[in-house]
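Next up: some structures, all given as C-alpha cells.
What follows is chain A paired twice: with chain B in the first complex and chain C in the second.
Take a look at the complex of A and B:
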C-alpha cells in the first residue's frame, strides 16, 4: 500500500526536479538534426531524443554502478557519476563528429546564430558557407553540449537514486531493474518535450531560441515529471 | 565480483576494444542499409526525378533499431544462459537470432519505402535486395555480438545491477546515437554529395541531388559502405570506444570518490581543447567565404 508521507512527497518533488533537469539539459545540446548530418546546419547530426537519451543512459549505467558498490554514496556523488558518464559520451561523440566534419566533409566550424563565438571571440559569420545554416561544432556548441549532457546525466542519476531508496525495501532483488526502466522512461518523456519547443534543431545556450523556449518547456516538464513521480510511487503499491 | 586493479583494467581494455568494433560496424551497417538522417536524401532523390539503386531501409531512428536488435540478442542470450549454455555459445546464438529478425525488418522497410514511392517511378530492385540484405544481417550480427558481450562482461564479471538485456538495450541506444551523430555525417555530408564544391557545407539547393554514379557503373549501397569504412566507421568506433573506456576508467583507478569525478572533468577539458585545435586547423584550411566588411572598407 502506498502511504503519502512527507518523504514520499519529497521523492515526487525530486523526480520532478530531475525530469526538469533532463528537459533543461536537452536545450544545451547542439542538436543539428538531419541538416547537420549533411553539413547544412551547425551541431550534431542527429535528433534531440537520440542524443539526450543516448548520453543520459550511459550516465544511468555509471550512476547505477556507483550506487550498487557504494551503498552509502551521497546523492550528489551518484548524480556526479551520472553527469560524468553522460558528458564523456557526448564529448567523445562531438570530438569524433568534429573530426568527420573537418577531415571527412572538409568544412570549417561556424555558428549561424552568433557573429562571434562567446568563448573564443572568433568571427563566425564569415565561415558560414553559402546556402547553409552553419556547419560543424564550434567551441561554444561543444562546451554547451558537455554542460547539457552533464545536467541530463545528473538528472538521471537523481531519479535512479530516489527510486532505489524507495523500491529497495519493497523489492530488493529487482529494484535496480524497475528503477532503471523507469528512469529510461522519464528520460524519453523529457527528451520529447523540448523537441516540440526547439523544432528539431538548436545550437545550444547561445542560440536565441534557448531563451525563447526554455521557460515554456521547463514549466511543461515540471508538471509532466511530477506526474511521472506520482506514477513511480503508485506502482510501488503493487510491490508489497 | 570485485577484481583487482590489473584485472579491472584488463577487462576495461577488452570492453573498450569490443566497443570500438561495435561502433565501427554499427555505422557501416547504417551506411549499407542507408538509415537515419542521410536517408532523407535517398528518399528525396526520386521525388526530384533522380532514380537510384541505393538500399532504403530506415526501420526507425538508429538508436531505437539498434536498441531493439541488441535487446533481442540480450534476451535470447539470457534465456540460453539460464539453460546452462556456454556463455560464448549463448551470445553467438542470441546475436544470430537478433540479426535474423533485424534482416526481416530491413527487408520489409525497404519494400515498404520503395512501394510508397510508386508515383515517382522508383523501382524496387530485387537484385539490390538480394545482395544487400545479407550484408545488413552480417553487420548487425557483429554489432549484437559485441554489445551483448559488453553487457555480459558488465553483468557477470563486473557485477552491474542491471540485467543483460537491459544493459544491451542501453548500449544499443547509445551506439545508435553515436553512429547517427558521427559516421552518418561522412555518409550524408560527403559520400552522398561528392558533386558539391570541396571545402564548404552542402548548399540547400542541392538537397536530394545525390550522386548516383559509382567509380564503375551505377552506385549501390555496397559502394557506399566501401567508402565509409575508410573514415566514418572507424571514427564512430573510436567515439564508442572512448565512451566505454573513459566512463569507467576514473572510477576503476580512483574508486567511487570525488577524485574520480575530478579526473572525469579533466578528460572533458582535454577533449574540449582537442576540438578547439581541430577548429583552428580547419578554419585555416577552408574559408572564410565572405569578406569582412571592416576589412573591405579599409581596403577601399
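Take a look at the complex of A and C:
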C-alpha cells in the first residue's frame, strides 16, 4: 500500500488543481454548438467536450513528447509544452473556422453578449443579425479561446507529469501509456462536467454566464479530480 | 408511449451486470479460445448502458448525447484500471485477481454517484434520474472497457496482460472510443418523439457487435487466429441485430413508400 505521506497529499492536490485547470479552460473556449455551426451564435460550431478534449489531448501529446525526450524536465516546462500544443491546436481551429465564417458563410464577426469588444473597442451590437446570438469568432473570443486552451493543455501536462513520477519506477516502459490513458479519462470527466454547467454554449471570459457558472463548476471539478487523484495513486500500489 | 410495454431499468441493469461479469469471468477460462466471452459480456453492458443513456438524455442535457458517452468512458476507464490493479497492493494471494471486475464495477458506481450527485445538487441540472443514471452509466462503462479489453488480451489481469496487450500498443484508445460510440450512438440515432425502447435495444446490440468485430481485428494482433473468430462472430451478430433494428424501423414507420425520382419539370 502506498503510504500517504505529505508528498502524496501534495500530488493529490496537484491532480485536483490540474482537473480544475481543465474545467476552467472549458469556460474560456468560445463554444457555439449547433447554432454556431449555422452561424447563428458566436463561437466555434461544435460541442464543448469536442473542443476542450480535442485541444487538451493535443496538449497531452506535446507535453508527453517533452517528457519523453527530457525526463528530467521541470514540471513547469512540461506544463508549458502542453499549453503550447493545446493553444496552437485551438488557434488553428478558430483560424480555419473564422476563414469559413468570413469568406464562406459571409457573416460579420460580432458578439451578442457585449456592446463593445473589450480588446478592440469596436461596436458589436450593430453587426449582430436579427434573430441570432451573434456570429463568427470576434477578437475577444479568439483571445479567450487561446488562453483557455493553454490552461487546459497545462492541466493535462500536469496530471501526466504527476502520474509519470509514480508509474515510471514501477512499470518503466509502459508508464507513458498507462499515465496517458488515465489522463485522458480525467480529461473527459473534467470537460463534460463544466459543459453541463454552461448548458452547451458559452462565448468566453466576457460572457455574463462565465461569472455565474465558474464557481460551482470549479468546486465540483476540484472534488471529482481529487477523487481521481486518490484513485490514480492507489493504482500505483497495485503495480509492485 | 405508455401503452407500449418496456423492459424495466432494473431488469436491464441485472442483464448488464450479470451478463457483463459472466462474460468477463469466463474470458480467461481456456485461453485464448474463451476470450470471445469478454466481448459478449461487453455487449450486454453496452445494451444496459445505452438504455441508461436513453433515460437520462431524454431530459435534454444541453450538450448533446455524445458528451454523456464520453464521460461514461472517462469514469469507466479510471474505475477499471483501479479495480483491476488495486487487489495486488492489498494481498499477495494470486486468487485476489478474481475480485478485480467486481471492484471496478463498485468503484465506477461510486465515481458515477459522486459526479451525478454534484451534477444534480451543485451544478443544478434538474434532471430527476441524474444520480441513478450517472451511476449506471459509469458502471456499464467500466464493464465495457474490461470486457472488450479482455477480448483483446485474453484475460483481465491488469499487470500481467492488459498493460502489455492493450495499453502499450494503443488498442485501449480503440476500446475507449469505439466503446463510447457503441454506448452513445443508439440514443443519438433514435432520439425524437417516436423513440421506442425495443428499437434502441436492437441498435445497441448491433453497435456492441460491430465494436466486437473491431476488437476482433485488434485481437488478431495480440491473440492470433482467435481474433478472426471474434471478428467473424462480431460481424454475424452485427448483421443479425442490424436486420432486427431495420425491421423495427420499418414496423414503427407510418408507411414505407417508394416515391420515385424527383420529376424533371415542375407540373
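Note that the second predicted complex is superposed on the first by the 240 of 240 C-alpha atoms of A that agree within 3 Å, B and C clash if a C-alpha of one lies under 4 Å from a C-alpha of the other, contacts with A are read in each partner's own complex, and residues count from 1 in each chain.
Simple rule for what comes next: a residue touches a chain if its C-beta (ideal position, glycine included) is under 8 Å from a C-beta of that chain, and two chains touch if they have at least 3 such contacts.
Not measured: the values here are computed from a predicted model.
Novice: After the superposition on A, what does A:70 contact: first (chain B), second (chain C), both or neither?
Specialist: first
Novice: Would you check which partner chain A:94 touches, where first means chain B only, second means chain C only, and both and neither mean what they say?
Specialist: A:94 sits against chain B, while chain C stays out of touch.
Novice: Hey, is it chain B or chain C that touches more of chain A?
Specialist: B
Novice: According to the stated criteria, A:118 is in contact with first (chain B), second (chain C), both, or neither; which is it?
Specialist: Touch status of A:118: no partner.
Novice: Looking at A:47, would you say it contacts chain B, chain C, both, or neither? Reply first, second, both or neither.
Specialist: both
Novice: In the superposed arrangement, does A:177 touch chain B (first), chain C (second), both or neither?
Specialist: Both chain B and chain C are touched by A:177.
Novice: For A:55, select first, second, both or neither according to whether it touches chain B, chain C, the two together, or no partner.
Specialist: After superposing on A, A:55 lies in contact with chain B but is clear of chain C.
Novice: Shared contact residues on chain A, chain B side and chain C side combined as an intersection?
Specialist: On chain A, the residues that contact chain B in one structure and chain C in the other are 33-34, 47, 49-50, 53, 177, 181, 184.
Novice: Residue numbers of chain A touching chain C in their complex, please.
Specialist: Of all residues in chain A, those touching chain C are 1-2, 33-34, 47-50, 53, 171, 173-174, 177-178, 181-182, 184-189, 192-193, 195-197, 199-200, 213, 216-217, 219-220, 223-224, 227-228, 231-232, 234-235, 237-240.
Novice: Can you name the residues of chain A that touch chain B in the complex?
Specialist: Touching chain B: residues 33-34, 36-40, 44-47, 49-51, 53-55, 57-58, 60-62, 64-70, 73, 77, 80-81, 84-85, 87-89, 91-110, 120, 122-123, 125-132, 134-139, 142-143, 146, 176-177, 180-181, 184 of chain A.
Novice: State the interface residues of chain C toward chain A in the complex, per the touch definition above.
Specialist: Residues in contact with chain A: 61-64, 66-68, 70-71, 73-79, 81-82, 84-90, 107, 111, 114-115, 118-119, 122-125, 158-159, 163-164, 167-168, 170, 172-173, 176.
Novice: Which stretch or stretches of chain B touch chain A in the complex?
Specialist: By the definition above, chain B touches chain A via 36-38, 40-41, 61-63, 154, 158-163, 166-167, 170, 173-174, 176-178, 180-186, 188-190, 192-193, 198-207, 231-232, 235-236, 238-240, 242-243, 246-248, 250-251, 256-258, 260-261, 264-265, 267-268, 271-272, 274-276, 278-279, 281-283, 285-292.
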